[in-house]
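In the two complexes that follow, chain A is the common piece, with chain B as its partner first and chain C second.
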Partner chain A sequence: MQADALATRRRRQPGVRLFYQPTLWVLGVISVLVTGYTVFLVLHRISLLQPEGDRFVGLGNIITLLGDGRAWNATLNTFIYVVSASTIEIAAGTGIALYLNRDFSGRRIVRTLLLIPLIMTPVVSGLIWRIFYDPNSGIANYLLSLVGFPDGLDWLGDPHMAMASLVLVDVWQWTPFVIVIVMAALESMAREPLEAAMIDGASRWQATRYVILPMVRDAILVAATLRLIDSVKVFDIIYVMTRGGPALATETLNMYSYLTAFNSFSLGYAGTIALVLTVLVNVGLVIVYRLATGRMREV
Partner chain B sequence: MKRRTFVAGSLALPFVAAGVARAQSTQAFKGQHITALLEGHPTSNSMRDMLPEFQRETGIDVTLEIVPYNDLTPKALLAYSSKSNRYDIVMDDWVHGVGYAAANYIQPISALAEKLPLYFDKSDLVPRFFDTLEYKGERFGLPVYGESTFLMYRKDLFAQKGLKVPTTFDELAEAAAKLKEGRIAGITLRGEQGIQNVYVWAAFLWGFGGEWISGGKCQLTSPEAEQALTAYADILRRSGPPGVANFGWQENRLLFQQGRAAMTIDATVNGAFNEDPSQSSVVGKVGYATVPKQNVPLKGSSSSLAVHGLYISKTTPSPEAAWLFVSWATAKQQQIKSVTLNPNCGVSSLAAMDSKEYMDRYGSFKEATLKAIQAGNQNYLPNIPQANAIINNTGIAISQALAGTSSAKDALAAANAKNDQALAG
Partner chain C sequence: MRLLRATLFRLGVVLLLVFFLLPFVWLVLTSFKTYLDAFAIPPVLIFKPVLVNYVKILANADFVAAFVNSAVVSLASSAIAVLVGALAAYGLAFGRRRGAFDIELFVLSLRIAPPILFIIPTYYLANRFGVLDTYGLLIGVYTLVNVPFGISLLITYFRDVPPDMREAALVDGCNEWQTFWRIVMPVVRGGLTATMILSVLFTWNEFLIALVLTGKATQTLPVAITAFLTFQGTEWGQLTAAGTLIMLPMLAVGLLAQRNLVRGMTIGSVK
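Then we have the complex of A and B:
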């Protein structure tokens, strides 16, 4: 019924289209052009340093990619980064939001302070953290020395530590984002079910687990999806802090694609890596969406 | 007219005429507009500071775009490959310049130099720098700055321990181990994956008797290359500072300037920073020596020779105006002034190197710099269009060996295979 009414209204007011169609057209045309050009790149060998050597290679780039150990390593690194950063951010962000969801003095100040990492440009936060992590004069090792670890850690120079150090920066920067979204959901949540549960004798844990969390699940899912997409795209922090090193320990697909395009100047192969990343992200998102909506229907 | 006046007038005439001719030829391209893409470097900052003089003198309107070294080549290549004519002049390392020349992106300078010799004085340019910018018998661009590498060591710490300056890599490792004490590292070197670690490791490669390429094939599987990588990784693991695997030029330089390392091998430009009292705590305490080498027959010197040039784009609509700027920026008057404007010891002008301004600032390591440049190896890094791919692949191998995630032999074998692929196109 509602849909019919809307359709009738649209027919009566053709001017409405003018508000959204131009945007859709512009976005659509740009998407088609960019995707088309990426497909063109994938099918060609294009090197900026050897302009005469450009040629059609069909699926050659993709076949090379499948046998490229460095690309597999980058895929694994991307997966580790995305999963660990998003999971920690969602868990910590939700936890902190639940904790802050009560009245206490200085609440506004705490909320404002939480926003600081969020509004900082990632390149700036990368540079700041690089200084923190400096094993010779950084504050991170100084703090460790205060609690009985005088030797400190080689945060970015040790290949076993570097990825964790980067994830920590992502968590520091983006957990507040999850907190803000979940807190907004908590504030707009109806109070009656919670009050009813308390009257029925639910413990604090039970009320949180069975009443509050299901009610803010949508918000958590939105935050999770946005964080997943964003952490796949991460580039600036890695570029500033490790450039994919040491020993390829922090090279994600994005970083590999960038280095291939702007250090080796092989645009065709770089385009191939980027396209594969796009396909992987889309597949990942479909899976997450299915899982999420499936779970939601159960509720 | 009195006789004396006539004689004086006659004598002055050629100078006046020359002055007029000069004014005419400098103004011949008045109103033209050129854009130059420059590398973030003291030389470029000096060019920017002096630019109004050039614009006044020639009437040519110049836009300078100064970007960090890492972003420079991609920016230039994107502009060149899209045939945008965005840059009339590009400044870059010859390692990339040779790629521009091979791809036909930049033009030879001989004809322009002959046509407009106004600011150009070949005899004043450091011959080793000038001769480097050659590809297939043609000269491309003029050298704007150049540098080599040397061993920098703390004279005071060496005296305390009674050590002599190392001349071989074995002695270097031995000295580094003895000098490491508490928070002071025995040696610091660049370890960051990519051009950073390759730039320093190449000293080991050549110094152990290895080479990059021979007969069109990469030579990194040679025993010399393996020894070089093992030595590099060992010395840093035993006597290097924490975090060295992530050290670029900046981190390495700062640690040494702070007095927290007894030795380093790096670019000659670091001398200017070591001796600058406003930012160094080791002023006057640093000795400068030739990069070590093993007692084996070498295929090339272990000292580098890096030359950065100003190149004129092939498709520029204003080649003459571009040439005037390039020859003006590299002329001795500008280079002497450049030394006073910014910390710049890598000048390409002989007159600038001999100037009082230069001696006052960099006299303490001038001899070592000249010696290093004289011994500098033109093929220190491969000067071929595929250089970038080779540097990237090798940088990964060095990083893996240093981190211990792969043996020197395996890491180099993998890099060698990839380099051969790049060489085969």
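Then we have the complex of A and C:
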């Protein structure tokens, strides 16, 4: 019977492959096509506004990019946005998850309610935050006036403020993501090492630092990686709230690429910006991963 | 002392919830306010709710059309993705030679590449073939985004099915297709529902792809609402009513699938 089943399975193998091979082929071919066309775009000057059509420029787009002050500004903005948003989210998210890591009634409801910022349509979130940030009728300035700053701030209109205002929205939207991931890791954590540490007289801080944090570090690393990957691509919130302004103060590479492609219709140059962004993300991921794993060996 | 600490803890929890829920609560409250109440400073919390904003937005043909577009596009692309994804996940879970293809890695690299990278060549090609602003293009592109996600999420459910179950069915004379459809699919029903819900949620909320590839005929809700934003300036009442209507269906299904929400959002990264 056993040998029979094995023989059957071997005979059926090609049948099983038909379940996934066509899909994987289609996905593979499309990936290759899209990559090929991206390379094509990068090597050409393509403007949908000019009728003469596509012109081969070789590395011209990349050379232009290196001397493009707006691109460097966008790179810096992307870096500031990604680093500040993910750092705050990881720190606050982990802290809040530790804070909530005890038995209390309503714990499950709190966890459920925390998912709401993740589910809300980002364009709608951007809209409501724009209402909050309105200098005249928004509650952001109203809250400031309650604590003794009657003049308020021009949250989105002031080039020195706008980036911080956007980061705050990102923090609001994505900190719950980190909280929920770390909470799940804390729940599945083995109890014994913590109990042993407490019996040995570890303080609450020591137990957290040397027992709990090392045990959830993989979860934190996953959350950090995903926040890094996703915050680089953030588009909807910036589009709704500032569209890269004022005075390019919040223009990230992603937004610059979009505006180049669909406001100036320079597809070749836009593709080049997008490609550089992708390369930078990968470099960033490698660096973060090295730092994180190097750090972990010390712990 | 114990009581004081417990109270302080509760207070902390309440403050957290206020911060994370205020935008949602404010959106819904403002949508029921009159123009005057919406702009009152200090903000009014007790007011007579009115439906005028909803009446106006539901009378807006563009908004209703966008609602239909969003529903058609997200349901169609997700349904195809779940079906194709289930087939592929079944094959990969049961018939894959080790190391043949790493779908998780593929999904992760898709997530790392910013959508703008593939949307520019897609736009370029779609423009050449004259298929911009069509349902076919939009559903096709979203399906391509949703299929790898669907495969990698579904595969985790198919791996939970005991291989003996499939082998018993094959020995008893089912062919591979019958085994898949009649024996294994009913077992992974929960996973199919979760994948469908999450796929609809992501597609419904997606903005960049829709903004680039849609025009008047096919614009989805996020695109439509940003268009109102530009044209109507400060019509916050209607905008918040529209925002509430966009968000509410997703809130309902998203919370239904909450156990799988984070699983779906971290898929491919647990390597």
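In this section, the second predicted complex is superposed on the first by the 264 of 299 C-alpha atoms of A that agree within 3 Å, B and C clash if a C-alpha of one lies under 4 Å from a C-alpha of the other, contacts with A are read in each partner's own complex, and residues count from 1 in each chain.
In this section, a residue touches a chain if its C-beta (ideal position, glycine included) is under 8 Å from a C-beta of that chain, and two chains touch if they have at least 3 such contacts.
Computed from a predicted model, the values in this text were never measured in an experiment.
Peer 1: With both structures fitted on chain A, tell me whether chain B or chain C touches more of chain A's residues.
Peer 2: Larger number of chain A residues touched: C.
Peer 1: Looking at the overlay, what does A:Ala249 touch: chain B (first), chain C (second), both, or neither?
Peer 2: The first partner, chain B, only.
Peer 1: Taking the superposition as given, does A:Leu113 touch the first partner, chain B, the second, chain C, both, or neither?
Peer 2: After superposition on chain A, A:Leu113 lies in contact with chain C alone.
Peer 1: Name the contact category of A:Val16: first (chain B only), second (chain C only), both, or neither.
Peer 2: second
Peer 1: Is A:Gly53 touching the first partner chain B, the second partner chain C, both, or neither of them?
Peer 2: Only chain B is touched by A:Gly53; chain C is not.
Peer 1: Let me test your reading of the model: by the given contact rule, A:Asn61 touches which partner, first (chain B), second (chain C), both or neither?
Peer 2: neither
Peer 1: Now for A:Pro159: first (chain B), second (chain C), both, or neither, which partner does it touch?
Peer 2: first
Peer 1: Regarding the shared-chain residue A:Phe262, is it in contact with chain B (first), chain C (second), both, or neither?
Peer 2: After superposition on chain A, A:Phe262 lies in contact with both partners, chain B and chain C.
Peer 1: Taking the contacts chain A makes with chain B in one complex and with chain C in the other, which residues are shared?
Peer 2: Shared contact residues on chain A (touching chain B in one complex, chain C in the other): 48, 136-137, 261-262.
Peer 1: Which part of chain A faces chain C closely enough to touch in the complex?
Peer 2: 1, 4-5, 8-9, 12-13, 15-21, 23-24, 27, 30, 34, 37-38, 40-41, 46, 48, 96, 99-100, 102, 104, 106, 110, 112-125, 127-129, 131-132, 136-137, 139, 142, 172, 175-177, 180-181, 184, 222, 225-226, 229-230, 232-233, 235-236, 239-240, 254, 257-258, 261-262, 267, 270-271, 274-275, 277-278, 281-282, 285
Peer 1: Along chain A, where are the residues that touch chain B in the complex?
Peer 2: Spelled out, the residues of chain A in touch with chain B are 48-53, 70, 134-137, 152, 154-159, 162, 242-249, 259, 261-266.
Peer 1: Which of the residues in chain C come into contact with chain A in the complex?
Peer 2: By the definition above, chain C touches chain A via 9-10, 12-13, 16-17, 19-21, 23-24, 26-27, 30, 38-39, 41-43, 84, 87-92, 94-96, 101, 106, 111-118, 120-125, 127, 144, 147-148, 151, 167, 170-171, 175-176, 180, 201, 204-205, 207-208, 211-212, 221-222, 225-226, 229, 236, 239-240, 243, 246-247, 250-251, 254-255, 258, 261-262, 265-266, 269-270.
Peer 1: Mind listing the chain B positions that touch chain A in their complex?
Peer 2: 73-74, 77-78, 80-81, 99, 102-104, 183, 191-194, 241-247, 251, 255, 258, 260, 385-386, 388-389, 392, 396, 399-400, 402-403, 405-406, 425
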